[in-house]
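Look at the two complexes coming up: subunit A is in both, with subunit B in one and subunit C in the other.
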Partner chain A sequence: MHDLVSFLPLVITCTGALLLMLYAVCPKAEQEKASLMSMGFFAVAFFAQLLVVCTVSRPLFPETFNGMLGVSGFTNAACLIVYACGFFTTLSSHTYFRENHFATVEFYSLLLFSAVGMVLLSMARELITAFIALEIMSLAIYVLVGFNRASSRSTEAIFKYLILGAFSGAFFCMGTAMIYGAAGSTRFDSIAEWLAFNPATTPLMLGGAFFLLITIFFKISAFPFHAWVLDVYDGSSNPITGFMATALKTAVFAMIANFLALSGNLHDSWITGLFWIAVFTMFGGNLIAIGQDNVKRMIAASGIVHSGYLLIALVAINSEYFSGAVIAYYLAAYSVATLGMFAALSWLGGEGEKRVTFDDFKGLAKRQPLAAATIAVFLLSMAGIPPTAGFMGKFYIITSAISAGQIALGVLGIISSIISMWYYLRLIVSMYFHDAEEDFIVDGSSLASISTVALAVAVFAIGLFPLVL
Partner chain B sequence: MDQLLLNSGFPILSVLIFLPMLGALVLLLIKDEENCRWTALAFTTVVALLSLTLLSGFDSTTARFQFVEMRPWIEAFNINYTVGVDGISILLLLLTTLIMPFCVLVSWTYIKKRVRAFMICMLIMETAMIGVFVALDFVLFYVMWEAMLIPMYLLIGIWGGPRRIYASVKFFLYTLAGSVLLLVAIIWLYMQNGYSFFIPDMMWQSYSTSAQMFLFLAFFLAFAIKVPMFPFHTWLPAAHVEAPAAGSVILASLLLKMGAYGFLRFALPITPEATAIMMPWVLWLSIIGIIYGGFTALAQSDMKKLIAYSSVGHMGFITLGIFTLNLDGIEGAVLQMINHGVTTGALFLCIGMIYERTHSRDIESATGIGKYMPVYITFFTFFSLAAFAFPGTNGFVGEFMIIAGTFKYSLSQGNFPWLALASIPGAVLAAAYMLRMLQRKIWGREHNPDNSWLKEHDLNIREIITLAPFLLFVLWVGLAPKPFLNIMHSSVSALVQNFATCQAKAVAIAGTILN
Partner chain C sequence: MIEDYLVLSVILFCIGILGVISRRNVFTVLMSIELMLNAANLAFVAFARLNETMDGQILAMMVIAVAAAEAALGLAVIILLHRQKGRLDSNVFSLLKG
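Entry: the complex of A and B
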């Protein structure tokens, strides 16, 4: 019974997705109502998950479904983040689709489906399950990325993402097969057992892990698999970009952390590689971000940088501070700021996303002081300036890196965060230090505007009272 | 915990920290601009008055931290909210709280657009600055240290002059970059000290020399940029020139003190060995700063730039005093920190007042105004005299003590006092550039621009009220510095004492290794 209780949120989301799919065939179906419904499902799932976290204290059933799925404090945190992301994405979509008219009821159903995939992925304790979850998530996301069929940019984005995603899916299968060949099982704990007695550097194991990591790096947009991010993020609609940048990244990081944490052996053989990938991801992302004129592309590139910081935490995963909590905290902090950013963009972007470049936001502070202030808060949090959540997240990551003996990585992380300040400041400069060129007539009472304010408050709340730890 | 003296009772430091914050929140609810000004003035004044009550409860016979509060904050990392003051920080705290009301007053008519946002920035700034001076937990310190940047950045960027964007971004990135290694150093110390961020616990520990060198480097980079020491000073003139008058005052009087305070609070006690090794270099850098600042100031025609470069010189004197590591030098340096805060702050206020009238900061455009604005020029003359350490003003006392300390340092090393001699031209240069400006402003040349219309625009009551306390302070410290020295004496002498003990220990250890 307990097993099922902790799957309750997942069941709710899944039911929601199916119900919305059924609702879509009703002749009178309206996308506004569907968005409200999906908001409700996400909210209920979130609180159900919160209930599970609060009431069930003992570690739950390592053996659910024959060890295919597992729940820990870390996965719970990841699931909470995913549900919260889903909730706020629906809020921003609600506002976004008042100005942009290509939504249908299925949009929200797919959003719920992708959340199902993400939750499963973070719970996966077995490679085949992980693959299925990954595909549930990815297929829904592919459709969501290309939802605006009238836009050629959107089509380009979906095409790129689909082709590359298909490749990475194939790599994942390949890696799974090789690991199965080496260890004789696809279950994480069995692989760990095998690794305890055998070196992780046998060709099959090494190769299998290599292919798995390629897929993971692709999904989290780590160097050198980051090139797709800019076009895909740019081509998707604002709410979906926000959802991809946060929830998807959370789920994939949860999965890889579970996988790498299972055995120090495996982790050790990859640590040098991870080190360099973290460094290149941070600095490569920064270089790309500095060159952008488009806010969405800048945030996309900065998402690469944030993956780099999270990789630092992965490198330090076996230090005495278990970095599961650190990763979860950072993901929460990052998600709040990024979601807030995209909620604000959905709200201010206007019809056909006409406000996208830095120059388009000139003088926003004069016309919409609240919006400008919240965006500034999100940017400062992403940059890691105290007393925001982003600072605390970075602080924990640096602390865990240094306690794992990776002082160089810690220093590089801070240097990178200072470089990143440059492009975050640019947006603040155009919002605050320039005169307005237009009136920014937007609907101030929309749901997205409310959610930006809520998220901005959350940035400080999480930063000053980090309860996740 | 013997460094602590727990004053039970009223949490006055927390009140001081969060009252301006509360003021900022209250301002959010006020629409009317005039009311915003009055509210900001009320909050800063109440904070100033409250901070004065600290003096009555402060025990100046001990070097321990007082008015201490300690509450758990983030338990997972053993981060506490710990605040307290000693003889050094209480003076800087008082400087901060007492200067802020005047910053509000000088912005009364100077700031015309977005008054509410301006006042909110000022109040948040005050919270962060007070936080830096009273924090005894390293994370709390770092949070406040960095949080200071944002309101200052906005102050320069929104209400600044024509090149404000360049200046604000340079200020932000430069000072942020300085703190890169500081955070790493903090975390390293945390690991070394049994997972504690409590600052007094980190002091006077025997870290290895190489670790100390690394820590010192981290501290030096962060604090030298903030001071700013030559050659890290380039952000300062840009920021000063573009900032609005109140912003310049905050920068010069308070922000620059953070760096010097950082040296005293962290570099000296945490890395004494490395400090001793690096001392000669830092001393000569200070000398270069003094001379360089003096010559550059001499070449300026923009009054704000002139004062900005003179700050580089004055801060050179302060770091010189700190790194002589004897009682006279450090006491002189702390006193000079207060003095510089007051006189340079007052000079920036004066320049802001003339700028409000003529809309120019050029010396040439304000020549010969002595005839038309006698009250203004009287104030200005006194502050200028204080700036180049004329006997009888506060600057003389501080600079005299610093130079005396420098002499003592050289003599104790058995050297010819080159350092002290080298700093003298700095004092002469200060007289040269200040008198040059003063002469132009009072009398000017044969043909002055017609400024007779200023006759009706001499200082008004609000401006006189703003400047008078500064003048009072200049003369008070100049003629009777004893009360101020008394407050800091125990803390500074404990610092010097501990430093000497640490040195002796290190020498003894080195001796046993050699034997």
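Entry: the complex of A and C
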């Protein structure tokens, strides 16, 4: 019974995706209706996920799935974030497609399919299941990136993303094969048993984990696999960029945290590697972000920096009492701010995304004070100013690093977050301290504007949530 | 004996990586990725034999299914590219500079 309840949100999303796919065939199908339906499915899945109470990690339908899927408190939190991201992405797409006319019903169906992949990925307790979930998610996202078939920018973006994504997917597959060769199984529990008696530094295990990490670093755009992220984010439509930056990262981090927490043995052998990757990701991302003039590319580059902070949390996880609370909290804080930013961009961007650079948002505060205020809240949360969610997230990550003995990493994280103020404050300065050059005439009653306000409230709610507990 | 299969699998994988990195034709790049996936399949089957379990064989089937889906999408994207640019050379992509 518990298993059925835990599985229900996934079934709802999957059914929603299939129903929308069928609805697309219907001659009277309208994309506006489809977007409302998809909002409904995401909302129902979110509330169904809230019903799942899970304190200990346990396998899902152990007889049927043979321990290949599992749930834990961390997985639940990741699923909640994915559904919420899907919901707000649908809201912003609804607005976005009033100005940009290339949506069809399939767009929303693919959004639900990619959410199915993400949820499966965070539930996966077996490497090939994880690979298939990763591909379900990625294939749907590839199509969403290239949805605007008339635009050659988005075609370039999908091509780059598809080739590099499939390339890194092949590494995942090879890594799985090597781990299978070493441990004799691809199930997490069997690998953990094997690791209890064997060192994680046997060549096959080391090579396999290395290949898996390459794929994961690619998907979360960690250094040195971050180069694609600016181009792909820039080439895809605003709502989809927001969805990729948040939900995809959440699912991939959930999977890799579950994998690394398998055994202290495995985690210890990667601490040094993860340490340097985290440092280079943070500072490399900051350097790229400082040089950007385009708001979307700046947010993409800042996403690299946030991956760096999350990698600090990965270094600091304790595999004996793994809860993933720090990672889940930071992901929630980051997702809310980034989604809000992209909801605002979808709404204010206008037809053909004509407002994209820092200069285009000059004087926004004079014409659209509410929009400017919400954007400022999101940017301050990303920069980590109290009392926003971003501050609490960074606080938890840095304290967890220090209590795990990684003091240097904690200090570098603080330095990086100070550097990042530079480019976040630049947009705020341009919105508030310049005169308006245009009127920013936008549809005021749109769903995206409502969702920016809701997300701005959520920034403070998540930020104050730990104080309530 | 089993080692030979593994060596072959590693060689195929390396050829695949080289193909993706050095070739300019988008078809060759896509084929190189398929080669990498098949190298992994060969490794799965060889390890299944080595460990004397059937898991590896089934995992290889799963990977083949995923590779087919990826190839289908890849070909669709190549058609789109050809329609827009008229060429299949990855040098023509210059709009997005990271």
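By our rule, the second predicted complex is superposed on the first by the 449 of 469 C-alpha atoms of A that agree within 3 Å, B and C clash if a C-alpha of one lies under 4 Å from a C-alpha of the other, contacts with A are read in each partner's own complex, and residues count from 1 in each chain.
Everything below uses one rule, namely that a residue touches a chain if its C-beta (ideal position, glycine included) is under 8 Å from a C-beta of that chain, and two chains touch if they have at least 3 such contacts.
All figures in this text were calculated on a predicted structure; none of them were measured in a lab.
By the touch criterion defined above, A:177 reaches subunit C but does not reach subunit B. Which of subunit B and subunit C touches more residues of subunit A is settled by the count: it is C. In the superposition on chain A, A:237 makes contact with neither subunit B nor subunit C. Legend: residue contacts after superposition of the two complexes on their common chain; A:148 is shown touching neither subunit B nor subunit C.
Residue contacts after overlaying the shared chain place A:167 against subunit C, while subunit B stays out of touching range.
Using the contact criterion defined above for the overlaid structures, shared-chain residue A:186 touches subunit C, although it does not reach subunit B. In the three-chain superposition model, subunit A touches subunit B and subunit C at no common residue. Of all residues in subunit A, only 128, 131-132, 135, 139, 142-143, 146, 149, 152-153, 155-160, 162-163, 166-167, 169-171, 173-174, 176-178, 180-181, 184-186, 227-231, 234-235 touch subunit C in the complex they form. Every residue of subunit B that touches subunit A in the complex is listed here, in rising order: 74, 76-77, 117, 139, 142-144, 146-147, 149-150, 154, 157-158, 164-165, 168-169, 172-173, 176-177, 180-181, 183-184, 187-188, 190-191. Across the complex, subunit C meets subunit A through its residues 6, 9, 13, 16, 20, 26, 29-30, 33, 36-37, 39-41, 43-44, 46-47, 50-51, 53, 55-56, 59, 62-63, 66, 69-70, 73-74, 77, 80-81, 84-85, 90, 93, 95-98. Residues of subunit A touching subunit B in their complex: 325, 369, 380, 385-387, 391-392, 395-396, 398-399, 402-403, 407, 410-411, 414-415, 418, 421-422, 425, 429, 432-433, 466, 469.
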